[in-house]
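Here is the structure we will look at, set down as structure tokens.
A, B, C and D are the chain letters, set down in written order, and residue numbers restart from 1 in every chain.
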């Protein structure tokens, strides 16, 4: 064992899966807040790689403040158009000069944003449907260069912050998360270009009944008339209903675009696949937490993970790491029904030695905490020791932040 | 009784006050995120009043997306200066024309922001130290005019959303909240112009020891040298230490500006009283929740309350209302150690009839839920019936949102 | 004859060709001011065509205020990079809604700008090297729809304005103009990718000696070392020297990039082919007049022609028309050494009936004004009658404005 | 005599005063283009003084690119309001750091703009009616510090440029210029708050008849009804008509706000006193030349004088100097009916030694060039020697640039 301050105790409450009412939400990648998260994080990755490429280590930056101002659009069956473009401002701090060498952070940020949008929101014609601007200032001072090619030592915590992670996901959480992945991914999205990327799912479980409410932006150029639209909505409903059975035996009711009013012609039709085209602003850190979900039944961190520097921003690292630890423990240790891992940093101490690593567990029936304690603590200890893996995997794009 | 769906059940866990580890944070009014919250909400109030004044009812708007881009400054003992101004962009949606009448939403928003800054962050010379710009687009459609002089009926929920509130505050929560109020208020701030408005407090309780970490921006024009600075820091520490004894008998340790390094001349000195002058960006909804605190031990809503339309934005209303209900119940009903109230809306139903109002209570020793159930439910029912009071009080500035 | 108020008189001075000192300047298409002119005019054409396409007539707009804010770049032999992007703001007025139909003026303007840049300044990667933003407000009121498919009548002048044109060009003027066309065109540019589009030519004639000073931005990715650079400069000098002999028998001295200092390594090297990448801002109407030149020896109009509405902006129309008339008269009538045509509008009168059309002529030796008067006036009269041709040809991109 | 290359020759044409048709225009200080000129120049003065104050010499800057984007307003008898604010972007280059010292160029520019607006366009509430933003980049390189406290030597020309000045003003020019000064000054403006600062005067003389067309923005808070408006218009007409008699014996016809249509209620009423509030954009260098007028009968420079660095920008200096020289010569030497002075710089030579100083004179009847040649050349020579006076007087605000 190590001398890391790791605590394991009983959660002293029911697992979320067993609570009477559960609420779960996910904003899909095309939601205005998620667009901001995605750009902030892709800009972050691009800057990390730029610094590694140019000076061999990651310098100080944070790009966690992208702001999206909605446009206006005139969607129409068969294909409408954007009238006023979306305006997106990339905000943050970055080191622009190092050792006499100028570093193109602004143009790198713009390029990363454009590539992210082209890949993830293909309905947006960057430069016409959306104007991307950038304001990256110099930071508040001391350069940070802790994560370099030669220097792999563990950085010091520069703030008092905490992260919190959970595992396993409840059935409702899995349905909400996996449905969005599938709808926006190869399984459904590739064959259904009429479905935009702006999909919002709200899961509500009362006892053993799960209601899934989907708001899904349809893309007008693939929808010729109201019948097409109704078919598109029906397809989403059927798909999500089917998919849910892979994760639960409970009763599942799926509703799609409930605010539609066919009589009044009020439907969720867009030109670009995102509501950012008309009236819905967005910004970073307002949507999904680091595990991809908004889970009011569980403690959450307010920290905006996307866009933060993965080398030295303790809030980002601990949110990603606590989630990773919880998932790892649950994968490796049998008998856990619900696990929460919370990491609290201490200024000036190496980040692999948190002030406290605080795990609350609910065991399966017939399992006691004593049965699993050693194994859990050893796993947490090991993953804390590998904290810089989080940084590396974030830079390489293996970890999602929203 | 009514037919509102109100549930009361045992929280089935320890009160936060009785948990082993508790973390509480508050970003003071001069923190960049709080500046954005404050401006967003003052703009919201100004627009509500503008609409009431011009057309007798509140029209559709949301101004919950203010973005602040930090400036650069050169603070110096005796008085430094801002080099590059802060840039603040007010973002949102607002109805600009009604019944053929043009409504000056942009200039009203700018005026509200300026007045808010002049009153709350006096060290910022608006127009020189900070540039305030505005981008208010038209909303996504249908006008909302539910809250008028003649029409006091209860509006319908337009979204599935929820709010959550708690009462009473723990000792640690009270200390963190009240200390910031006092430091930035008449009790301390008025006599200590050297203390800036950007104060961040982190309270951490482990068992019966409370650590309060304060980061307090000092104002250079009132600090002539390092001795002045040290005295200013000492004064804050003493004040918070004293104040804490009003709220707890536990051991309290207060640290102020722990990142200072006097040897290296690295201290928290500012020209304007806020770190927004140098390197710290901000945006709405990233800081304090509606009760003024960030409380990772408690369920929180991700909803940005500040800037939302108080007439019809169900997330804003339910967050403010659930907090208000929890406080009211605890004030009126004896025997409650911890109460959480959660309100879940249902699209298309009047907002005084939530899908479920879900209260979880931890009673004092010797009190059973049965003892208080009728009284608690009656109180919740009454306050739900008065839901439009929340709107009115928000417009009149009686309720804070951050 | 008609009753148009056309006057022909002797210029009562020497022809510019015969004056002792003559100065002529042209800013090439890659100069920051010309970039703004070019975008303003391409946006104007795009809007004209958009309106014709959507509503069958050109509506009110003016887009003559593009502002370019220079970036920063780090050019280097073999290929450098842009560090901070250029910022370009398209400013103007446009009708955004007509007869209940929304018209996508903003996205059309952005598209036109992008296409213009891609075609004319290929070294600029739009969206990375240059951010293009747009602010098109509503105009000051009354819609203008005078130029439609069915209504080909002549519009009324809406302002008191004037235009002035000259012909023929002097030798120096021809050299300056044609050299830039050739350098940036198929004749030279296509085979010399090392030559950027930002070429500025100043021609100065004293007596019979013509000095041509060329400032030519070289493109670093095509220049591997200082020898390459020197060769590129030499090639431009030789080309312009040769070209000049096609237009004059006078002595011509050509200097290229005279501010270079090879010893100090100070040369005119760019990454993108325009000085806008580093330090040179630009805006509309600050450079070439409607005939493509700046000619301080001749009366000029201050009017910014580029971006103005070609249907009803009398300043634009009269500047283009007076130039066209002068050129036509000189082409058709023998014996003219120098002709200046000035058109002065009168508010409320059809634009083909100017308050005065005022021609000042200098005849060739042996020719009197009486010899040519009838023919000149008839030609002017005919071209005034065809005034709407100017509008049509401008919309179709046949006429250049800068 | 000196060895400066000064030439005096006959203008070889009629004086403008004697030409058949003369056109003169002046955009008053409240015209959108003039607002930009005024701010650009006040920012320039502020930066010059800032540099002198901080480092004892003027560093490199140019702030000649202010762009104004018009707002929208709803003027009304008795007082209307601004709906969407004017947006004004100060653009340029400035040295932000010198010898390790950071220099607050951005906040200084914002302050200068605000003070200029408060003083000159009092109807604009800065921060509400107009948003002022700033983008000052670093320049293209080499610092310029030629004009310091100790070093008063004459700088070298850094560009090939020219300036042109004229004297005396014709009667029409005097009327147009002096009328605007008086209307916007103590003589009329102080007692007539109903008259806005946006006054445009067009003078047209045909033979001995002078038509003066005035477009004058009226301020709605001082105009209660149409009768008030008509009276305000009448007062301006009478005042200008009277004033004209001080400068001419010719017939003068004054028209004010000729585009008004009382029947249709179309009048020139504003809330702020400038058409920038509704639909009229503006930028630097598009309006008056350095002598305050637009004079198509005379050669003009395209150079934007306002905002340029008065120490080393040869275009600015030579435009101001040539005007000053022409005025001085005419004031000191009798017998001159019309004088044009043109200065052409030569790169790398001291600016008091122009490549050529080229004066074209038209003498009074009975005076020959020989009679005045020595005196004229001596005066030009003396004023060239005093070239740095132009810089000093510009910095001190004694010289106007538009």
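Basically, contacts are C-beta pairs under 8 Å (C-beta built on N, C-alpha and C of every residue); 3 or more make two chains touch, one makes a residue touch a chain.
Which chain is which protein? Per UniProt: A, B, C, D = S-adenosylmethionine synthase.
As the structure is a prediction and not an experimental result, all values here were calculated from the model.
Note on connectivity: the fewest chain-to-chain touch steps from chain A (S-adenosylmethionine synthase) to chain C (S-adenosylmethionine synthase) number 1.
Least step count on the touch graph, chain B (S-adenosylmethionine synthase) to chain C (S-adenosylmethionine synthase): 2.
Interface note: chain C (S-adenosylmethionine synthase) and chain D (S-adenosylmethionine synthase), two copies of one sequence, contact each other through mostly matching residue numbers (shared numbers exceed half of all numbers used). Computed from the mean C-alpha positions, the centre of chain C (S-adenosylmethionine synthase) lies at a distance of 25 Å from the centre of chain D (S-adenosylmethionine synthase). Between chain A (S-adenosylmethionine synthase) and chain D (S-adenosylmethionine synthase), the centres computed from C-alpha atoms are 56 Å apart.
Taking each chain's centre as the mean of its C-alpha atoms, chain B (S-adenosylmethionine synthase) lies 51 Å from chain D (S-adenosylmethionine synthase). Residue positions 72, 84, 87 of chain B (S-adenosylmethionine synthase) are each in touch with at least two other chains. Viewed as a contact network, the protein chains form a single closed ring in which every chain touches exactly two others. Every pair of chains meeting the contact definition is listed here: A-B, A-C, B-D, C-D. By the touch criterion stated above, chain B (S-adenosylmethionine synthase) contacts chain A (S-adenosylmethionine synthase) in their complex at residues 9, 11-14, 20-21, 23, 62, 64-65, 67, 69-72, 84, 87, 89, 91-93, 135, 137-141, 158, 160, 162, 164, 202, 204, 206, 213, 258-259, 275, 278-287, 289, 294, 296-302, 304, 342, 344, 347, 356, 358. Remark: chain B (S-adenosylmethionine synthase) residues 72, 74, 81-85, 87, 96, 102-107, 110-111, 114, 126-129, 131-134 touch chain D (S-adenosylmethionine synthase) in the complex.
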